[in-house]
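Chains: A, B and C, in written order; residue numbering restarts at 1 for each.
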Amino acid sequence: MGIIKTEKLVFEYIRRDEEGNVEGITRAVDEVDLDVKQGDFVAILGHNGSGKSTLAKHINAILYPTEGTVWVDGMDTAKEQNLWEVRQSAGMVFQNPDNQIIGQVVEEDVGFGPENMGVPTAEIWERVEESLKAVGMYEYRKHSPNKLSGGQKQRVSIAGVIAMHPKCIILDEPTAMLDPNGRKEVVRAVRALNAAEGITVVLITHYMEEIIHADKVFVMDKGKVAMQGTPREIFSHVEQLQELRLDVPQVTLLAYELQKSGINMPDGILTIEEFVQSISNCGIRMSAKADR
Amino acid sequence: MPLILDHVDYVYGGDTELAVHALKDVNLVIPDGQFIGLIGHTGSGKSTLVQHLNGLIKPTGGSIYFNGEDIHDDDYDKKKLRSKVGLVFQYPEHQLFEIDVFSDVCFGPKNLGLSKKEVELRAYAALKQVGLEDEFFYQSPFDLSGGQKRRVAIAGVLAMKPDILILDEPTAGLDPKGRDEILDQIDSLHKEMGITVILVSHSMEDVAKYVERIIVMNKGSVLYDGVPKEVFRHYKELEQVGLAAPQVTYIMQALHEKGFPVNTEATTISEARDEILRVLSRA
Amino acid sequence: MLRDITLGQYYQADSVIHKLDPRVKLIATITFIISLFIVQNIAGYLIAAAFLTCVIKLSRVPFRFMVKGMRAIVFLLLITVVFNLFLTPGETLISVWKLTITKEGLRTAVFMAIRLTFLIIGSSVMTLTTTPNNLTDGMEKLMAPLKIFRVPVHEVAMMMSIALRFIPVLLEETDKIMKAQIARGADFESGNLMKKAKSLVPLLVPLFISAFRRANDLAMAMEARCYRGGENRTKMKPLQYKKRDGLAYLTLVCYLSVCIGANMLIRLPF
């Protein structure tokens, strides 16, 4: 079993009108099966309202399944005795950088998690230092979080989670409120953690360029997993992605458009280098044909 | 009615060492009917600049003229200016407050002192212009989706019948489809009503498809001001200030370097496709 | 404006007073205030003044920052002085029209003015040399014994520190909302009181909604980081008394004894 596993996970909530009468039941997550291997970088894509955030909150035991089971590191998240260990094993970073920083000084915020876990003081300091260094925010340790940029705040939040020594971190649209530079900063930090520290990463986003380096991608729609595969496999289905309110990087889209116009391009091109290479191949083939 | 910025400076934080020069000698002419993209990263001064345009911030140097009149003259009617230069802020959550969508959109025209009938007519028209269906009119604005909230916020400003509509990051936090829908809606507002639109964004890809002019801000100054093709020609300089041209520009540049005789000026996917097809068919 | 009050308080400097344990500073401030009400004559106030001057010198905070806090209470000070001056019965000094100044009145007025001034400056020394965070920590630790009476000391301290963290965030937000509404023609300035109060609705509704949303998000983020109240929690920066804190307590005891002594032994006409 992988580090995170869900089996037929269903989450329903009851909608009520203003008087509190039941209006109906919404199935936000619908029979989702996930299996994430230790050390993987997994991306969950989906439009707003597709159920991806609801799914994420199950991994950290903020929400419990209505039906089905979620295991984190072999522990059933619905069992109360597992609660704190689950939350410690699966750290969570949220969307709004302002609403998850508790400390008034960067280092104090990073120390918050270890403090809650009862880590001895000397070790808290070690963890804070290594976590801040891992996200490149060590020199800001004495700063007030209010003075930082959005990208820096999110890196502090990530450090706050790593300081708890989790086995995996779940990032719930960590870049949705950031500018392009902030987004790059955060994605770079997350990738470095995955590569250098071997922490399992689950990144939830709707920015396609952030998932190019993922090991596996799940695309959610209406609470279900609509597509899954490697980024290349996912990006090969431009039309299907567009139907799911998503888009693809411009380079993938351009290759797809050329393909539609009869040019022989491979599916799911992800980078400019690949694109140029395929065009060169085409050019060579075409000129060869012309020579004949 | 054109808006003219003449040597506009804005410094805050007093005359101490901590003073921040948020705008430095900005000169701009915004003629009628243009669709403009205002680009810059966080802290480049673009938000400060748009708040000057409707008189929310008073420049510490230089003047701003709307329709030939200095907007900071003592007897100038600021309220009127704000109805003519409409500014929609980034987060709709910052302005929605009424119990239903329709009343919220009425807030702007009501503040102009119009008759009840006129207020409601304008609110209705504005909601139609942003493409919101009737079924949402009497819902609480807080129950809407992100994209719908944004439409209501835009309608709230449109109902004041502005000549210039400024939108600060109207797509922040929306998913790709939601982003395209809002931008398409804005584009059709510009085309159908002939209204001047200034779109503030940090994404070149978003604006390249729609606008006819791009103003790039950096460190409080105007770095580039021109048609998209012209501005993207400086893609290397743009990178140095933390911005980037659309990915298409890089693709075309890479092809060009590889020896393909493509014209590197394509800024949208369809232009690039046509250009590559043209070159390939010739080979 | 609000920003100055809440954030302009702490003055960063490297001094003995800054380094003292917040508990020492809290107790010292309370002791100092008590001493002001014990002493009844000019000799006592001279001792208090000397003590305060020494502490200010040691703190390396420019004196003008201390006086800043005074501005807020000038009005209160004036009222106190005027009331005491004219309304204390006793031996008449000067009498003009219906107003009479008595010897006792003059004495109480002057003493009250000195007390209030010292009180404000004394507490300013504490807030200027202690970060709000440190102060909350100090209070939490000092009030820990109250836990026996089921007073939620840890929770109160946590709430205070979160409030301090979010004040600047909410101020900034208020500013943004205000601008968004002004852009829609809202008017927050003109009109009578009723109209002004009504004009605040478009500001307060979004602000409250946002504040609740933030509270909700924050609670979730805290739980996700294993927060479960004060039980079994360790501290990254635990408060520990150092040698200098002992010395400070000793100084404090000396000061209080001198004050009491002076009050009992020295008999002056004033």
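The criterion applied here is as follows: contacts are C-beta pairs under 8 Å (C-beta built on N, C-alpha and C of every residue); 3 or more make two chains touch, one makes a residue touch a chain.
These figures come from a predicted structure and were not determined experimentally.
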Chain whose Cα centroid lies at the greatest distance from that of chain A: C
Result of counting contacting C-beta pairs for A-C and B-C, higher pair: A-C
Where chain A and chain B are represented by their mean Cα positions, the distance between them in whole Å: 30
Approximate Å spacing (C-alpha centroids) for the pair chain A, chain C: 45
Junction residues of chain C, two or more chains touched: none
Residue ranges of chain B touching chain A (in the complex, touch as defined): 41-43, 145-147, 172-178, 180, 202-203, 205, 242-244, 246-248, 250-251, 254-255, 258, 260, 269-270, 272-273, 276-277, 280, 283
Contacting residues of chain C [partner chain B, same complex]: 173, 176-177, 179-187, 201-202, 205-206, 209-210
Parts of chain B lying in touch with chain C, wherever the complex brings them together: 51, 54, 56, 79, 82-83, 86-89, 91, 93-97, 107-108, 111-112, 142, 156-157, 160
Chain A to chain C touching residues, read off their complex: 60, 62, 84, 87-88, 91-92, 94, 96, 98-105, 107-108, 111-121, 124-125, 128, 145-146, 160-161, 164
Complex contacts: residues of chain A adjacent to chain B: 47-49, 149-150, 176-177, 179-182, 206, 208, 242, 245-247, 249-251, 253-254, 257-258, 261, 263, 272-273, 275-276, 279-280, 282-283, 286-287, 290
